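Sharing a structure, written as structure tokens. Questions coming.
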Amino acid sequence: MTETPLTAQFVLPYQVMYYDTDCGGVVHNLAYLRWVEECRTKLASHLGIDYAELAKEGRHTVLVRHEVDYHSPAFLADHIRVLGCIEKAEKSSLWFRFEVRRAENDKLCVSVRQRLALVQMPQGRPCRIPAEWTAKAAPTAEE
Amino acid sequence: MTETPLTAQFVLPYQVMYYDTDCGGVVHNLAYLRWVEECRTKLASHLGIDYAELAKEGRHTVLVRHEVDYHSPAFLADHIRVLGCIEKAEKSSLWFRFEVRRAENDKLCVSVRQRLALVQMPQGRPCRIPAEWTAKAAPTAEE
Amino acid sequence: MTETPLTAQFVLPYQVMYYDTDCGGVVHNLAYLRWVEECRTKLASHLGIDYAELAKEGRHTVLVRHEVDYHSPAFLADHIRVLGCIEKAEKSSLWFRFEVRRAENDKLCVSVRQRLALVQMPQGRPCRIPAEWTAKAAPTAEE
Amino acid sequence: MTETPLTAQFVLPYQVMYYDTDCGGVVHNLAYLRWVEECRTKLASHLGIDYAELAKEGRHTVLVRHEVDYHSPAFLADHIRVLGCIEKAEKSSLWFRFEVRRAENDKLCVSVRQRLALVQMPQGRPCRIPAEWTAKAAPTAEE
């Protein structure tokens, strides 16, 4: 997995800011997850999922689980690519995969699997994933 | 002002975390403001202002202006004291003052003045500051 | 696991701030992980691990992997308890477990497993975990 | 000032993410300042200031003061423009100005003045601003 980049449905370019780093001289582990959220949000828009419209009705996609592996660090001012895809869709949740790579050498920094559910707030009641979202899951995504 | 600490109505103790720092080896400028928000929130609770109850009615205290001076840096694992007081109350806003100091030598890191308004959401309509809040403004706060 | 709290070596009390929440009305998924970092840092101090001293020598504990399950949301002003323990020690890494619970009813919000390595910067070279740290791993921690 | 946008040397487009918002339903006050940092960093690059190269020599531009006025809120998924310019250069500091505006109607959300110094770490010693930076200050900026 580390060697071959995943087949992305969306790629977010990013450049590392001071606020992404810590005094270890590298990017802080939480910063990568902010970039992943930006990639996921833009991937959703790209696929036609209007999360802002959903939010007005009190429906939000919420994170249920994530697994994050930190492979190698990124540094201040690095150019980054965050690759994202929907791995699979289930009745009430979507699985996403992401890779954070340094653009200059394609080196893998972080790989992420995330499961999201669609939830009606404020009750917190799970909603069924719309069929048109399911159709957008990457058909070729492999494990 | 730098030499004599302000007369605090609330003091928040804090210890610097990795996520507060950046690759310059010092605390990032935004981290101080998160601590100030924590101090301001706890000061409000301490004075009997129930912001969580207000939030349920759609009323929120929102920042209207702040002025921040960065005097000297803080470092990983430093013990910090955030001193806060209400400086004055106006019809529709409150002025707060804060100082962030290193506990070991009382050295001033950051000084902050903030003006907050009470606002009814989602319309964004300003509300009158309740009389009981005004009474809580530090009577002795000097400029 | 959800029902019986883990046997904590350190418990961090916390109260939810505005900056922890998002417009879904609940705590944002990244905020919990900041609290977990604070708990982990204070747990380390509590066990006598002087990470600030290590940092001066360019040695930092870095996150290698984490698995996070989000069970139920927390809300503005909630009183929180973050429970943490070292689950096991290996030659070059430590496994931690954390639970984030609402204090009022002990309800589980988030459970976390994290693997950390000790790394020499800026080379990024892994260091052996000191024997005295290994001795501090919770002897009774179950899987 | 609110009506006529400043004469920008750099404009950062941005779209509001969940992590930028809080449970008041609007963007949290600290999020705007993260966008401003991104605009400032990219403005510096755009003007040929290589802050990453400076960082390797232990020189960092650090915030000395900022003044922030919050005019009107931004919301989830809003398209944003952050306008930035160098207002003036002094011997040992630079003054920047920024405006955060909603793209759809150009409405002013936040205006910011920031003073930065160039500092040699870890001593914290101020450095003289290079003459070529001074030449880059917007010659016509001030209101």
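For reference, chains read A, B, C and D in written order, and residue numbers begin at 1 within each chain.
Just so we're on the same page, contacts are C-beta pairs under 8 Å (C-beta built on N, C-alpha and C of every residue); 3 or more make two chains touch, one makes a residue touch a chain.
Keep in mind that what you see is a predicted model, and the values were worked out from it rather than measured.
Shared contact partners of chain A and chain D, listed by label: B, C. Comparing chain pairs C-D and B-D, the larger number of C-beta contacts belongs to B-D. One inter-chain figure worth recording: chain C and chain D are separated by 34 Å, centre to centre, where each centre is the mean of the chain's CA atoms. Inter-chain centre distance (chain B to chain D, centres taken as mean C-alpha positions): 22 Å. In chain A, the residues that touch at least two other chains are 18-19, 23-26, 30, 34, 37, 55, 76. The part of chain B that touches chain C in the complex is made up of residues 15, 17-19, 34, 37-38, 41-42, 51-52, 55, 60, 76-77.
If you check the complex, the residues on chain B that touch chain D are 23-26, 29-30, 33-34, 37, 55, 60, 62-70, 72-73, 121-122, 124.
Those residues of chain C lying in contact with chain D across their complex are 18-19, 21-26, 28, 30, 75-76.
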